[in-house]
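For reference, the structure is listed below as structure tokens.
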Amino acid sequence: MDGAREADVGYARLDLDRADRTGDPEVVFGPGKTPAQIVDALSHLHRAHPDRAVLATRTTAEARAACRAALPAARIDDIGRTVTLGPTPPPAGLVAVVCAGTSDLPVAHECAEVVRVFGSEPDLVIDVGVAGVHRLLAQRDRIAAADAVVAIAGMEGALPSVLGGLTGVPLIALPTSVGYGWHLDGLTAFLAMLNSCAPGVVAVNVDNGFGAGVAAARIARRAYRP
Amino acid sequence: MDGAREADVGYARLDLDRADRTGDPEVVFGPGKTPAQIVDALSHLHRAHPDRAVLATRTTAEARAACRAALPAARIDDIGRTVTLGPTPPPAGLVAVVCAGTSDLPVAHECAEVVRVFGSEPDLVIDVGVAGVHRLLAQRDRIAAADAVVAIAGMEGALPSVLGGLTGVPLIALPTSVGYGWHLDGLTAFLAMLNSCAPGVVAVNVDNGFGAGVAAARIARRAYRP
Amino acid sequence: MDGAREADVGYARLDLDRADRTGDPEVVFGPGKTPAQIVDALSHLHRAHPDRAVLATRTTAEARAACRAALPAARIDDIGRTVTLGPTPPPAGLVAVVCAGTSDLPVAHECAEVVRVFGSEPDLVIDVGVAGVHRLLAQRDRIAAADAVVAIAGMEGALPSVLGGLTGVPLIALPTSVGYGWHLDGLTAFLAMLNSCAPGVVAVNVDNGFGAGVAAARIARRAYRP
Amino acid sequence: MDGAREADVGYARLDLDRADRTGDPEVVFGPGKTPAQIVDALSHLHRAHPDRAVLATRTTAEARAACRAALPAARIDDIGRTVTLGPTPPPAGLVAVVCAGTSDLPVAHECAEVVRVFGSEPDLVIDVGVAGVHRLLAQRDRIAAADAVVAIAGMEGALPSVLGGLTGVPLIALPTSVGYGWHLDGLTAFLAMLNSCAPGVVAVNVDNGFGAGVAAARIARRAYRP
Amino acid sequence: MDGAREADVGYARLDLDRADRTGDPEVVFGPGKTPAQIVDALSHLHRAHPDRAVLATRTTAEARAACRAALPAARIDDIGRTVTLGPTPPPAGLVAVVCAGTSDLPVAHECAEVVRVFGSEPDLVIDVGVAGVHRLLAQRDRIAAADAVVAIAGMEGALPSVLGGLTGVPLIALPTSVGYGWHLDGLTAFLAMLNSCAPGVVAVNVDNGFGAGVAAARIARRAYRP
Amino acid sequence: MDGAREADVGYARLDLDRADRTGDPEVVFGPGKTPAQIVDALSHLHRAHPDRAVLATRTTAEARAACRAALPAARIDDIGRTVTLGPTPPPAGLVAVVCAGTSDLPVAHECAEVVRVFGSEPDLVIDVGVAGVHRLLAQRDRIAAADAVVAIAGMEGALPSVLGGLTGVPLIALPTSVGYGWHLDGLTAFLAMLNSCAPGVVAVNVDNGFGAGVAAARIARRAYRP
Amino acid sequence: MDGAREADVGYARLDLDRADRTGDPEVVFGPGKTPAQIVDALSHLHRAHPDRAVLATRTTAEARAACRAALPAARIDDIGRTVTLGPTPPPAGLVAVVCAGTSDLPVAHECAEVVRVFGSEPDLVIDVGVAGVHRLLAQRDRIAAADAVVAIAGMEGALPSVLGGLTGVPLIALPTSVGYGWHLDGLTAFLAMLNSCAPGVVAVNVDNGFGAGVAAARIARRAYRP
Amino acid sequence: MDGAREADVGYARLDLDRADRTGDPEVVFGPGKTPAQIVDALSHLHRAHPDRAVLATRTTAEARAACRAALPAARIDDIGRTVTLGPTPPPAGLVAVVCAGTSDLPVAHECAEVVRVFGSEPDLVIDVGVAGVHRLLAQRDRIAAADAVVAIAGMEGALPSVLGGLTGVPLIALPTSVGYGWHLDGLTAFLAMLNSCAPGVVAVNVDNGFGAGVAAARIARRAYRP
């Protein structure tokens, strides 16, 4: 790593060349960091990359308040718990972020913002759970028009299977930990998605709106024809 | 149990009063029994209850061949692996036995025969998996006309959730061990069904076509108005 | 969903036609909602359906206090943690809600209220655990007179097996998370119920008094002969 | 261990002083040994301890045939898969070996023979599953007369809970791997027994008729008053 | 249960004949009860059975303070979290309660008090973990003199295996949830004890000092010769 | 589904319009089908779609022999266990199929053939496990030139994490059941891939070469610029 | 243990001869002890062994504050949560403590201090996760110069596999509970390390910096040539 | 990989420089390879490295017969299932391979041969299970004289804990899948070893005699002083 530019901010060495290597923006993972550390990390990375967005995820309400005060230019999503600083790239491609229930909104919002920061455009489609299949069918054409789909669901996690039978667009299943009783913190949805009877469904870990957003944006950007 | 009639057939005491107590026919569980033992048990129970059906489940091909030879009056289902001897009761009520895929047919056939023997009429609806949701919607009215529904699925087990949103008929979810990769011998479908977002779904154990059939027949019989 | 009536209450679109489609009343699931949101949702749904009950489940003490203040007509069960607004339907059929121990009372009360709201009459039978089998036998005739039975138990979950040998009434097993030591948050009772040696036992998820109540009411209503 | 007498039979050093140390007879565990090795081990141990029984467990049909031919004095149980050579001690105390179903007979027979070889008298009580609780109640006095009880059950494993409410005799729960569907090779019964609502129930591993027999015989021998 | 004497204390029916049926004293399980309820239940049961002890287990510090104030005659163990009211029976037999580490003391104390209340005499042997096997060997004769042994250990749960090779006294393994890292809340010790290479080891659930004490006292009482 | 063309081949209704709806070719899943059924299904589907490929997966050696005899035009891969009949589409885009070890070759070959049949071009890169990281680095540019990557590994499943740090190409992790000791039939690799520290990794189920191939081809086709 | 010197400090007997028997220093495990108990235990052990270090691990901030006040000579690591009192031995051998991410620093610091107290010299190498494999390769020679390596990682736990392919130095894998979503509190990393494709990797339990440090120091001390 | 010498033997590229990089001999893993492939691989590697040993592990009886016929110079261990070709290095250091029971001998023999091939000397100590702790104590000095210890046990896996309290020699715990009932294919022993109360115990995967042998030899070689 001889030539790698790195910045030491005290509690971590930030790898400033990573973006060049993978084309990805820098991301600050919120949990375990103080509000001041999050403000500091966002500021530092923003100065290093003033021309592109840096993102903090899974921030606490306290951290977002600190960002609001210290970083007035930041775009903050209180549902998705994200803070974004700097200009997002011009969107390339369209990602349908499809959501089974209102309890899944935090994960869906996080995913949508990640899609935006990673260079694509999210289209958030909500309240289309499988127990009301007509609502889902009513959104079919809108979803099929996307370059990638993220299908989000907790509980029994059936949404990707139904969606996967309706369209051949690349489809990423995103299980959430929403559920009651013995659902194993999202394992039920997770296993269901990995065992989907619809071919070609791929999945990320439980509640991993970040990972799904990164993958979907990469797929959509490459599919995009201006 | 002073007054209880029992029959000792060598390897088990058969409880001949059980039917009187619960209204259920006698059933011989096939696994672990030799073909001769199955023939013998069916004959013995039939002689004790000549006026109603006795049933053997999960029989091997060898056992069914032995039954064909020794019990020419028996009705034999090679897909469902059942052997029935004696008259089934006049059917009361209708049970829709709904099946996600052809791999689920053995469980579905077993369930349907149990429904018949336990006094109701099965209506087998096949090939309506959730990845082809239009096929399922096309059968909606037929399913909603039943007095009870058994929704059978392996893999991600989503069928009961979609069905549960389409009708308020009592619905029994029956997971099967059909699947590939890490599906945990049906646990995935099982957990999905217990975590259904459709209210009021109840479930039986994996591949338990017998239990689902008994429960569905009991429900349908009571709902039946001649 | 062209013709569907929907109401947007800010944090969710309420599906006002659902009751017409499935015959079910509207239910507000308490966890994750503020007391004000619960009061608001109940009021909104009640105005849309003044002629039938709406129900909130798993409410906190704070939410129930807010309902007591804002909705004086509401019926509130502090053990079962339910709030009901509007007239319950005339009861059709009888559901025996049978309870192994006093620790299971919250789940039993929730189940009984759901039975009532979904149109049947609950009969709560308590303190009949299997380690005191004579107590249970003393209640046999009362239980056998019902149109459906909900058998509730934590720990080893044996109650449905014993009950299932005593009566042929449709029986829903409802495991609870009551237990000590390594009981896996109710999985032990749950597995025991799914592996019951009594035929025809069906089960719902751990502590799912709501689901068991919905299923039992549906079964009992259909079995009811005025 | 300087003074310990040991015998080297080629594939293992047999600890001939163990019986003196713990009061236990010698036991040859069958699995993984050839018929010839089992015959050889029994012979060798019998010559070392001509005045007391040696026991082989979990033997194959082939091994038992070899024992029948080579050791005509041996007592062989084809259901319990045991071979015993040499005189069993005069029985001290009584052990009720109670069995939920005929599928549990191999484990029950093994347990009963171990009780005999370890110095107590077994009383085998069969076909008393909890789904036919009247049969069990009919055997209550017989079971309560024992010095120790072994309660054997597969499936939901409820027998020890019901028995534990009927008597205060020391009770060992012995789960078996008998079951259908998702029962986890006996884990369901095992967990149920460890979570019994009856106080003082202790358990051994799945199908461990040997361990239950050893423990029960030790308890019954000490309780015995000639 | 026609003839059964029962007392209704508002939140539960107490079964006052249970002691007659099983010979066991009454026990109040503390968790989930208020200090006032525990005081009330102990008082009520004590008035019903003034001649023998009643016991409360797993009490909080608050509940014990309330008992100290309201029930000055109670015997209170702050380590074992037990409260006992009324005279314990004259001890019959000796139970060695053997403890691997100081972290296991709460469970060991609870077990010892249960032994006392259930009619036997506990002998608490501490600090004899298997990683210091000489300490354990130094206590061998003391342990072998008991009528029953309870072997308590967390972490790898090896103590019963070592003890079981040293003595033929009936041995109850009691796993605790003491451990670090991935130990599964005591499952590791629990599984180890159920898989002990020493024959005849029986086990209770994790941290179940109550169950182990009940079982050990029953065994020791019967073995006792005055 | 009024207008849907279906073909009844006796043991299943084949959905001949599925390809039109999702753009996917027809696939025959081999397990559970006889060699004759596989030959028959391939022939039937080929006649219905003479202008595009139909594929059979997970075939046995017997089934492939039957196909070789009956379908001389078929392309057969004995390592990947696939049989393909009919012309594959002109390849659009490039999929790097990267393989950690020789034991993973069957899954890798299956995946590569699926990529081909679903319209893209596979580039099979083998023997690049993480314990020889220099071999992997030597292939970096070749892999980064693809439109999608499938990273296949068993055992600890680390390959996607290392690859994900080297390139921003959409990356599908494909765990295999290759391993020794306690690896849980591929769960270890599966969990590792879902917990990858490289952002944007998505995964399919264990050994699911088919699913990974479908997803990769869909992504690569859309990214392809002729 | 007749000759063993022991000290009774009220809540535990300290085994003062243990160090002589195994060559290990005394260690106070912090959890469950009050700050005063930790100060007391360190003081007591230090007086008994003034010539060598005693160590407290997993201390709370409160306990460390108490140690700072009462034991000014103590060396305190707030990241690693350790308190050391008394002189560490002259270091023999070198242990590379290699760390995948900043979240792993607490475990890494604890491990390094244990290495020091147990008589070897730690070399802490940080920020070398596998998703940035070039950083890791840049540290290869430094790591290969050690006498033992501890490879620390959470999430997918791939670091030991990559390191194990780069050097033949004895390598201890130390999984951490760092992760997001369904990672099972470190089980994912743990399983990955036990299934490493690099030969000769050994592992300790999740977050067990203590155990890894003890093992590494023992190995390095013996390898050391002055 | 520019300078790497590789050999293509048809079904795998053999990495002939690996030994130079890590100091390890070449090993052929037997499962999944035909006898001819094993003979071929050993021959090929032996010609490439005539001056040092190559090893095949987990060979079948058929493969060993083929090696006996084709490679008369090979050293073959039928218990440990290994085949070694070429001179082993002069042994440096001593590894005690300690074995709890005769069922563990195949794993112990494999481990011992791996120690030999990787350059150290194994000392096999057998029949020292914890249920006969005096046998183990009798071997204490012999074990403490080694440079590394491999402690092998199935069932409850207690041996490393007892050994770890007796000596400070680096200790590798090797769990085996030996057990009866619910032992989870060696997981019980595995978990016990990872939760050992003796400090500094490290572990390998279940039955991984190869990995334990590699690790132990590396440790012992470095500790060796000629």
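Note that the chains are named A, B, C, D, E, F, G and H in the order they appear, and that numbering of residues resets to 1 at the start of each chain.
One rule holds in what follows: a contact is a pair of C-beta atoms (placed from the backbone, for glycine too) under 8 Å apart; a residue touches a chain by one contact, two chains touch by 3 or more.
Quick caveat: nothing in here was measured; it's all calculated off a predicted structure.
Shared contact partners of chain C and chain F, listed by label: A, B. Interface comparison, F-G versus D-E: the higher count of C-beta contacts falls to F-G. With centres taken as mean Cα positions, chain E sits 46 Å from chain B. Centroids of chain C and chain G (each the mean of its C-alpha atoms) stand 52 Å apart.
For this pair, chain E with chain H, the centres built from the Cα atoms lie 44 Å apart. Inter-chain centre distance (chain D to chain H, centres taken as mean C-alpha positions): 37 Å. In chain B, 132, 137, 165-166, 180-183, 187, 194-195, 205 are the positions where the chain touches two or more neighbouring chains simultaneously. Remark: the chains found to touch one another pair up as A-B, A-C, A-F, A-G, B-C, B-D, B-F, C-D, C-E, D-E, D-H, E-G, E-H, F-G, F-H, G-H.
Touching chain F in their complex are the following residues of chain G: 100-101, 129-133, 137, 155-158, 161-162, 164-166, 179-184, 187-189, 191-198. Touching chain G in their complex are the following residues of chain H: 21-24, 27, 147, 165-172, 194-195, 199-205, 210-212, 214-215, 218-219, 222-223. Residues of chain A that touch chain C in their complex: 102-103, 126-127, 132, 134-135, 138, 180-183. Those residues of chain C lying in contact with chain A across their complex are 1-2, 4, 11-13, 15, 18, 29, 31-32, 185-187, 190, 204-208.
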